[in-house]
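Each of the two complexes below includes subunit A, the first together with subunit B, the second together with subunit C.
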Partner chain A sequence: MTRIAAPTTNTRKAADVTLGKREQVASTLPWEALRDRATAARRDTTENLDELVAMFTRAATAAGHKVVRAADNAAACREVMAHLSSVPQVVIKSKSMVTEEIGLRHHMEALGFTVYETDLGEWIVQVRGELPSHVTAPAIHLSAAQIAETLSGVLGKSLSSDPIALTGVATDFLRQPLRASTLGISGANFLIAETGEVVVIENEGNAYFCTSAATHVVVTGIDKVIRSRSDLPALLRVLTVSATGQPQTVYTHVIGRATPGGPARTIVLVDNGRTELAKSAYAEASRCIRCGACMVVCPVFRQTTGHAYKTVYPGPIGILVAPYLEPEATPKDAPFFSTLCGACSDICPVRIPISALIAKRREQLWREGGTPVMVRQGVSLWKRAQAGGVLGVLLRPFLRALLRYPRLARLGQLTRREGRR
Partner chain B sequence: MSAATLAARLIDAGRESAVAVRPARPDEPWPEETVDGDTASVIADVVVAGSAAVVLFGDDARLRPILSCRALVAHARAETLVPEFGDALDRFDGSGRMISICGPSRTADIEKKLVIGVHGPREITVVLHGDIPP
Partner chain C sequence: MPDKRTALFVPCLTGALFADDTEAQRRLLALSGFPAVETVGAFCCGQPASTAGDREGGATMGRSWAAAAASYDAVFVASATCCGHLRHEGAADERVRYAPEVWVETIRARSEQPKISIYLHRPCHDVWDDARFDAYARWVAATANVEVIARPFRDPCCGFGGVFSTLFDRTAASMMAHRMGAIAEAGAGVVVSAEPGCLSHFAAHASGLTVVPLATFLVSRGIA
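What follows is the complex of A and B.
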């Protein structure tokens, strides 16, 4: 019998590996100075979003790419399809959170296209019919045994749970489509406004093939824009160290001017709430570079996995960006999926005060009357106890007991779970 | 930074990134770029000493066969070496693509266990030509 580990344990183990490597590599670098540089670059993006997007659009158009802007999910999917042949074909895709956000794969599959996710972790969650549970490590919630079980089912042969063997099987499976498909879709890690260049980083080599297919569509958020090439080194450094503890990824692609005979390239710039976020009281969250460090360090994420958040963007930063990028999927009580311990703010490479912003969302929810009933009643009980009088005197021993026996608080948890399902 | 200093940094970084660095043999000429079966023998446009990254510029007609190989041998001279990624970026004229290749393709998507060799080359060698004392 193979022992299947619990998802939370898988997540915690993987998170600890990442945190350990991150700590070790960061200690060899001028880390705080790099964070300052990266933060300044991203602050520029948030504060001058319209200007930089317009600048990028001009430069990338001049570089021979087609650039289109999409206001929302449906428009983004439409724009992608408008640049493809209407005859369903085989599509190779590299990892992109934005395509998850807009539901592109499902949209294309419904139209008869065959879509291969070609990043290993992303392919695993694709065949399992799941969302990625982390922005850079999609299969972080799974054990090798679970992955072996899934892939054995898909490929119709019994596979061992050795990660090397499983990776080999996936590589073999994806090799032919990667090399043969003429239609590739990718995201982007950064867009350089001054030059119109698209930057994509990866470790496996799959993104190279996706971004060099005869037709290449880049689907990315307008917030990926940065002003200049000089912003790139610090940003790439803090991104890779924070995401995986690597000083740099194996591949860094800087895609420049179109060349004769090269890919026909369309860049779809997705807004979908980003302009609104950048102008909101939570604008600092728009600096996010999607490294996922706030997730692996978060006690709630580690315990519940990314899937608990119900949104494409999970974890502490997800609590802040999901209400703008995926309002319908965001649970109303999402700001309570946090202990406000501040670990996310401490680790964020672009110094987003994540914890303070989550507290602000809680306040907003309270003002709007959206706070879960248990929390509202709890707070009002506490207020009454504080207020004194006969009721206060009666309440205090009860509330003290509540603090002493945390199990009592489970009552609240049960009610909440019922409410959300 | 002198070529010797850069070469020393390159060798150190190569150890970290699993990139083999060796001097050209006395009888080894400056090669033509070839893709022969499983091995691509290329002229590196830049080599980043600080990370042992081989940087190539150009269009996908050049790059695709190289990225499809199992082994990549990159030939470099003193003037090919630069200290950091930013220096390599400064040399990119913006035409086509700049690709920085820092070690064998890899993944750690299953239980964070490092597996070497996915879709890109799984063996990287940098060959130093000319008067670079490695």
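What follows is the complex of A and C.
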């Protein structure tokens, strides 16, 4: 029996561990039935987004929370800041891709706040000044030795690369702000429209501190809304199994009615392109539950990690959602940063046909004239050769010679502005 | 079917990079009972246009391919992705056969050469399901007297991806380096595939391994 070769990148190494656990756990579950149930729930969200967001807003308001809606990044940051006027300058944050998307931490830091990312991986990329390289595993691109070097620099002492020891060091460092801060910011994994409940899942316990601080601000996308509690079990199951290979996360917080003496809570619902995405030709991408399975299975992501995509949302699903959520950051040639192998579509727990939608984006780019020049010209020559006639037949040996040219790819680089990846 | 007109389609990449393989394909087809195989007068199936986003261009190329192949009773295509594209565009009817499928069904010769280990590459866009690919792998092993190693890496794609490896050559090359290292480590010295696109990517980064199209490999093993 052939052995699988040792991974050659940190990302591939971590991805293989996740995929192995995922396969093992999924095999013990009625996996396809769970995917069907989760897909149906998320399809309901996409098709009835306005209705469900309105329903959630009413229910959460009735439960004693303040709910505000933000149209874009700037509005979202303004809404968060509007609720922080009388609070201390030290803020604890749990992991949230939406806050990365809207640039909230940088916005707050520019205003003089000290913001601690308290998820271990997120804290590591914060101190390195990087974006998360994966939606659930922000430091997937780093080895333990690289993390030890980073934290040694931050803490001013030499640390070993033992992962357990490093986790202990980080916990010791973050314990003080976690316990002392009276302001916590979190994201949300799901918002239940019928009850107004906010669902946050985590493994490290840090989100508990953020969600139970005296002032708690939830910053999340409107697309996190689901209709009812009965949708939750299947969604949580496929999310955790797909993201980390766990049957469930260590902690599942379901935040319900506000209680006397409990946190004063504001829920900021960020649109920022989500309504447009849900009504677009790529609406199925709106079903995404941010598990990151399409990333760990993608042959391109596994080689390059998330930073190569140049957007907060990387990987195959990022190619689809980033043009709506981060249009300015999205490289024009993004739909081509995929081999269209289809592994992402096969693994997606909510059955988004990711690969087919990426092909559709290539078609849109072609219609809009945005396809890289070399590709357009190549296709034009191929069509001419295929059409036949004297010119077409004469062209064929020339094109065959071109294909034999070992540095054909370099020609492509000369015609592109996006930078090499 | 000696009285029927049969033809071989030579995909653009095969014609450019593995031209000698077409002769090997004809020898295998002769062994399969098709001794007088002509050549379809088409340059390309249209797949490069479709994957570049020019869906209409790809469909047009598919239609002109169908016109070029219309006069034959049977057409053989030794590329799963070309075959798949032609079927997707409605340009290939039941007369168009994936050549390895015909070889698997008909060739029962056995190589008497010493046994070696090979990596039999499967393209992402195969026309076969897992069971049929496994049956094909067993046929290659028995016919060529080789050990076909299991895929020694988890990545589902070689990194060719057509336009992808042209635009992102450095990434595509690094993806292939991982695969090549894994194949060599697993003890295979030869990479075999019927897929010209994937083969071209393997061949460009071979470093120490031999990369051979399926028909050429089978002929080299004394099958035809």
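The rule we apply is simple: the second predicted complex is superposed on the first by the 380 of 421 C-alpha atoms of A that agree within 3 Å, B and C clash if a C-alpha of one lies under 4 Å from a C-alpha of the other, contacts with A are read in each partner's own complex, and residues count from 1 in each chain.
Just so it is clear, a contact is a pair of C-beta atoms (placed from the backbone, for glycine too) under 8 Å apart; a residue touches a chain by one contact, two chains touch by 3 or more.
Keep in mind the model is a prediction, meaning the values are calculated, not measured.
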Which of subunit B and subunit C A:P263 touches, first, second, both or neither: first
Touched partner set for A:N203, first subunit B, second subunit C, both or neither: first
Partner chain in contact with A:R404 - subunit B first, subunit C second, else both or neither: second
Which superposed partner A:T304 touches (first subunit B, second subunit C, both, neither): second
First, second, both or neither for A:H107, with subunit B first and subunit C second: neither
Partner chain(s) touched by A:M374 [first = subunit B, second = subunit C, both, neither]: second
Contact residues of subunit A, present in both the subunit B and the subunit C interface: none
Interfacial residue positions of subunit C with respect to subunit A in the complex: 12-13, 15-17, 41-44, 46, 48-49, 51-55, 57, 60-61, 64-65, 124-125, 149-157, 159-172, 174-175, 177-178, 181-182, 185-186, 200, 204
Subunit C-facing residues of subunit A, complex: 1-5, 7-9, 12, 16, 19, 297, 299-300, 302-304, 308, 333, 335-343, 359, 362-367, 371-372, 374-376, 378-379, 382-383, 385-388, 392, 396, 399-404, 406, 408-410, 412-413, 416, 420-421
List of subunit B residues in touch with subunit A within their complex: 16, 51, 53, 58-61, 63-64, 67-68, 84-86, 89, 92, 94-113, 115, 117-121
Of subunit A, residues touching subunit B in the complex: 10, 13-14, 17-18, 63, 118-121, 124, 137-140, 142-144, 147, 163-164, 166-167, 171, 174-175, 178-179, 195, 197, 203-206, 208-209, 212, 229-230, 232-233, 236, 244, 247-257, 259-263
